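Paired with subunit B in one complex and with subunit C in the other, subunit A is shared by the two complexes that follow.
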Partner chain A sequence: MTSFKPTRRTLIKTGTAAAALATFGPTLLRQAAAQDADLAPYKSAKIDWQQVSGETITVAVIPASYFENLITLAPQFKALTGIDVRFEKIPPAQIRQKSVIDLTSKTGTYATHAADPMYYALYAANKWVEPLDTYLKDKSLTDEAWFKLDDIIPAWRSANGIDGKLYGMPYDGEVTIQVYRKDLYDAKGLKPADTLEAYMSNAAALNTPNDRVWGAALRGVAGAGQNMYIYPSIFREFGGDWMKGGKLTVNGPEAEAALAWYVDIMKKYAPTAAANWNWPDIADAFSQGTVASYIDAHSSASVINNPEKSKVIGKVAYARWPKGPSGKRTTSIWNWGFPINSALPEKKRKATWLFIQWAASAETQARTAHRFGGPTKRSGVNRTSVWKDPDYIKLMNGFGENFVEATMGALQDDTDVDWRPRVPQWPAIGDTMATAIQSALSGQATIKAALDDAQRRIEPMMRG
Partner chain B sequence: MTTSAVTSADIARETPRSDFGRILAQRERRFAAALLAPAFLALLATTTFPLLFLVYTSAFRMDLAMPFTNGFVGFENYQVLLSDERFWTSLLVSLVYTGSTVALQVIIGLALALLVMDMKRGQGWFRVIAILPVVLSPAVVGMIWRTFMLAPEFGIVDFLAINAGLGSKNWLGDPTLAMVSVIAIHTWQWTPFAFMVLLASLASLPEDIYEAARLDRASAWQRFRRITLPLLRPAIVMVIIMRTMVALTAFAAIFTVTGGGPGTATEILNLYAYRKSFTELSIGYGAALAVALLIVTIIISGILFALRRAK
Partner chain C sequence: MTAKRLRAIALLAISIVFLLAWAFPIIWSVLNSLKTDSDVLAYPPKLVFSPTLEAYRDVLFGSGSILPNLLSSAIISVGTTIVTMLMAVPAAYALARLRFHGKKFAGFYLLATQMLPPVGIIIPYFLVLRNIGWIDTYQGIILIYLSFSLPFAIWLLVSYFEDIPFEMEEAAYLDGASRLKTLWRIIIPQVRGGIAVTVVFVFLNAWNEFLFAVVLSGNTVRPVTVAMFNFVSVEQTLWAKLAAVSVLAMLPVVVLGVVAQKHIVKGLTVGAVKGGGRR
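Moving on, here comes the complex of A and B:
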């Protein structure tokens, strides 16, 4: 036994060292690579990046490739500012709750987190997060000429603002567009729909369940970011107004027409299972060739172009969200933004702002997108200038015909920041509406009854 | 040495034996209490305190979306609850869910146990296979059923239904079928538990009674009704109590399979309390719902325990 002991110890030691090297080796290499030349584009900003050197902050993000790319670059940020960033990855379903609990308890666990734009009204009402203009205007903290706030996609910025004040800096975002199978459309001589009516008739023309091809699919599963990601756009396109006469209204003729359109297309031309689908399920079905078209976030393009899984690569094209009876297009817009937690001490708040400024800067956006060394493509960069970069355009057009035009067109012209009611009560309202929509879809209630019931439930939430 | 010997002898002479014993017992009790204290405190901190805090919270309006309205409201949350239609619906769903899953588990579990008891070979294998669903996490079970089994056109159950001539069904999108599905999933996962407990009880029943019954020409059905069932009664009641308490507070599988939907068709009380608290951020009202669930659970298990004692 004794003769084995040293051997085992040596083995463990060697093993640990090897494991440590395997874990930290790449990081060390990258840190070594973060030389002055690498940091030059950041150092051209007229601020002292090192002003709160030595601070440590924790950032909660979701496990998604666009954040992974940012995490990979964190050593460069450390070299630039001397600030340590600890990342915590929390699935999207839990990050809202975790951050709300952290903000309520004022423990300041997360200096910043990937925030849902619909939560800023709640955050601002509770003063849980800082208005960002104080930081943007502070010359010691921000070089406005270098940072170029105006370059960040206006739609996402306005989604992260309340009463004209910015509370979260968009990092990665999305917009909804039409995704369709060009080969199937061409075979029948169809064009991508310009109106909701045409979208319905296209779906009818292509719907052949016996050949396992369905005409369309929209998010069906209940939830504020699920069926309530798609329905509000339809509601707005049918002329609906969330704040009719200053009172939050979710029922009425426009709402009924909108919900009827949604239920109709889902029942007639979508796979039955879609009633329980969220975007990954839809994108999977589309990539298997069973869905002819869908309307969803442009970011799902990476799923339907995944060479390992997709059977439709090269057959995909994109178009803007169809117009509604009101003559308007209203796409769903969304972004993950970074707010600053108010519960932090001043030095940490400064450190957090430096991190946000670094992450949202054009340089970091490019380095995590087309200039990123890894295989993952980011389709949600936050800057107009990057979207005009030929290298980025080339990369994005690999997703299919008309991708960049449809996305940029939607982002610039089709958005309506009030496509969902932006009130602190949104989490409750979104969930109530989501349940109502699904009960209408499943036939548990009629369209009118479902909406009237939702209105009844929402009214006391608004009265306070 | 001598002194101490004298002293102890003196004590033995002068102190009555019972007194001595009492002091020792007292010391032992103190020692036991000292040993228990950390565990007891930990238990208080992790179970009793949160429970009291829950009851305390339920007396407040705590709405994260409207912090300016927060404050003490006494029993108002409970008054609202009594007139909340969705509370009653979810309570009904909870009761239907619990009643049917427990009944199915006991019936199927008992049937399986009786079958396996008669197996001459392979009993061991059967037990191992049967226990598998129990060790899976309910969330994983939910995911498996949602994606592989129940998805219309794509899932195994639907494939079987189509081949059986029933046609494709929207298992999770139809209010009634969704309820049937979540009941089936829970039953599928937990019947093995009932099966194992009942099988163990069956194995311990005395063979000579059956021998005597056979000599008296009692039929199989008579033997089952007059001997097996009464002797199994304690085990059956235990299974019912344990499974009822778990089914009333079920969460993970339903949450992953239907999320309480479609609409509110499978929204059990537990799920409603969760949604109120964490999705709608109405913490006070959510706490009141949780307390209501607690009360319901206590009442039902109280009745069951009373039934167990009554003979």
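Moving on, here comes the complex of A and C:
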């Protein structure tokens, strides 16, 4: 996504490569040898990567730098397996629609697609996608010792599992953290908040709209992955339980307290426009220096550190989600995972698994992250081992103070699989809740009325 | 005199305000397309800035060039327009002038197809195209576009045909011309304006269509309306590039509008003897 700007080093590299090509005519052989060496880390796995050579699969992804990096490496996958991968880039708002049409009609257009964790309940209930343990346990398809499933961030794995079965292999993910302007905090002698209460008082202390600095910003725009990305964390931190007594419950005292906190901070200390903001808008505002702090995905760090746009580079620091009154921190568990489409013939399913195994492997994760040749580096790698790699840590710490610690702390300790209610009806429920939150924020309904109304609407969905 | 002048000035001022309000989104897009990413985000919005063509360079010649998408859009829109017009002109003529069994029903049926909400028919369309292997093909998308452009074009054209006086046609018959020859030589030149208007609308609808395109297209055929969304990622919105693509996507439509303008005006004033009618 970031445009390529030749630096001195790349120019020298390109220049040297061109000179080498001109000097040594028969470099093709050399290249072939280099490619073999490139594949060595994969070939150490005790499986036959070439077992379904000649297959072609289509993979739907969203336009995002972390998938662009993977697409760049697709020729390596082709050389390793003989499988052709056609990537189709579909905007995030449409990828769900398109993949659900494909899955319901069982046409098998997309062998796999970048899938939202909240959809697996729906996918699994309809048997649209395969349980992955079949593939993980098949010794001809997976070398468990090489693949090391346990190395993949446990929170993301559990988010993609239903009844203990994994349905989507996490490829890239995120966790919610506190992002703040260290210079502004230091000037007022403030510390990053440890509790939601402290977060509110920090926001109050920093809120100076006359100087065009607002205290805080949270996602405000209505939508299942928008205001309903932030609110569930607050709800859980206030001690809320989605499935009270086995019944999906969205109203109740904890919910009221949580929504009141959200509405309060948004109304008092966020820019008015934030009621319509999603996270790119928040990150843009923060990068322009008009927001003192926000709580959102750690992956926004790349935007607020983009030298082409950001005015706050070097002034940013990070901390974990503040604790709620329940004493808990509850971050989001979000990742783009790859499921296997059940409608595929067996050979294509195998080819798809090989692709997924390749993409989620530690080697490919490293090659698309700190070892990636291009300009954009990923901050959402799926493996604990990569997060411990000194080269990766060094790269990530470039995003600002405490980035790796806050992210890893949140990933390991602040996650909660039941962050959102994991039911097949989620998409409709999420939208209903999103509307309720917005009506409370805009003052169209009182907090209690908004939540009671959402409960009334959700009940028939759960019966149907 | 002064009162008249004052009125003229007031009218002019009001016109300018309306014109600005109408043109604001376009002006805004053009301005943003000439800014750098940081200038786009600047607050208060910068009206004075050093313009750059970087966004255009990136979207046209960068790694994610939209040139193939503009080509896709052009093939789809031109294809849809040609096939639609080839079928719509005779059909509209028939509806306006011929007497046949079930004519009323045919007219109503055409209108009824326009009432279906597109979202409701997208899955059947997807399945049909999938079964005949036409997903992500030009013929597939053009076929689907025909299903809504054809009724629309016929309905638009019928009124133009109805405006042509019978006397003209009858004169041609008396001179010994066949019905087809009359249609081609006498009628069509009379409805040229109507045809131009219809062409513009059919082309516009096909050019701007998004909902069907996003579901029925893929890597081979990807119109610019769909490709444009790739500048809105989950990570960030690349406003300058998005604006540049919007401006580029607007250009063909503007050009077509200007070219067709002469005919459109003619279409409004056509007819030596007004007042034909449906038979």
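One rule holds in what follows: the second predicted complex is superposed on the first by the 430 of 464 C-alpha atoms of A that agree within 3 Å, B and C clash if a C-alpha of one lies under 4 Å from a C-alpha of the other, contacts with A are read in each partner's own complex, and residues count from 1 in each chain.
Just so we're on the same page, a residue touches a chain if its C-beta (ideal position, glycine included) is under 8 Å from a C-beta of that chain, and two chains touch if they have at least 3 such contacts.
Note that the coordinates shown come from a computational prediction; the quantities given were computed from them, not determined experimentally.
Engineer: Using the superposition on chain A described above, determine whether A:302 touches subunit B (first), subunit C (second), both, or neither.
Structural biologist: It touches subunit C, and subunit B stays clear.
Engineer: State whether A:435 touches subunit B only (first), subunit C only (second), both chains, or neither.
Structural biologist: The first partner, subunit B, only.
Engineer: Per the contact definition in the header, classify A:105: touching subunit B only (first), subunit C only (second), both, or neither.
Structural biologist: Touch status of A:105: second partner only.
Engineer: Considering only touches as defined above, state whether A:444 meets subunit B (first), subunit C (second), both or neither.
Structural biologist: It touches subunit B, and subunit C stays clear.
Engineer: Between subunit B (first) and subunit C (second), which does A:425 come into contact with in this model arrangement: first, second, both, or neither?
Structural biologist: A:425 sits against subunit B, while subunit C stays out of touch.
Engineer: Go through the superposed model and pick first if A:395 touches only subunit B, second if only subunit C, both, or neither.
Structural biologist: Neither: A:395 stays clear of subunit B and subunit C.
Engineer: Output check: A:213 vs subunit B and subunit C. Expected answer is one of first, second, both, neither. What do you get?
Structural biologist: Neither: A:213 stays clear of subunit B and subunit C.
Engineer: With the two structures laid over each other on chain A, which partner does A:149 touch: subunit B (first), subunit C (second), both, or neither?
Structural biologist: Neither: A:149 stays clear of subunit B and subunit C.
Engineer: Quick check on the superposed pair: does A:313 touch subunit B, subunit C, both, or neither? Answer first, second, both or neither.
Structural biologist: Neither partner.
Engineer: Of all the subunit A residues, which ones make contact with subunit B and with subunit C?
Structural biologist: Comparing the two interfaces on subunit A, one with subunit B and one with subunit C, the shared residues are 97, 104, 212.
Engineer: What does subunit C use to touch subunit A in their complex?
Structural biologist: Against subunit A, subunit C makes touches at 36-38, 41-43, 58, 62-63, 122-123, 126-127, 130, 135, 214-215, 218-219, 226, 229-238.
Engineer: So in the complex, the part of subunit A that touches subunit B is made up of which residues?
Structural biologist: On the subunit A side, the touching residues are 97, 100, 104, 122, 125-126, 209, 212, 220-224, 271-273, 275-276, 424-428, 431-432, 435-436, 438-445, 450, 457, 461, 464.
Engineer: Which stretch or stretches of subunit A touch subunit C in the complex?
Structural biologist: Listed in rising order, the residues are 1, 3-4, 58, 62-65, 86-94, 97-98, 101, 104-105, 107, 109, 212, 280, 283-284, 287-288, 290, 299-300, 302-303, 308-309, 311.
Engineer: For the complex, which residues does subunit B have touching subunit A?
Structural biologist: Touch residues, subunit B against subunit A: 63-69, 86, 146, 151-155, 168, 170, 172-175, 178, 258-265, 275, 278-282.
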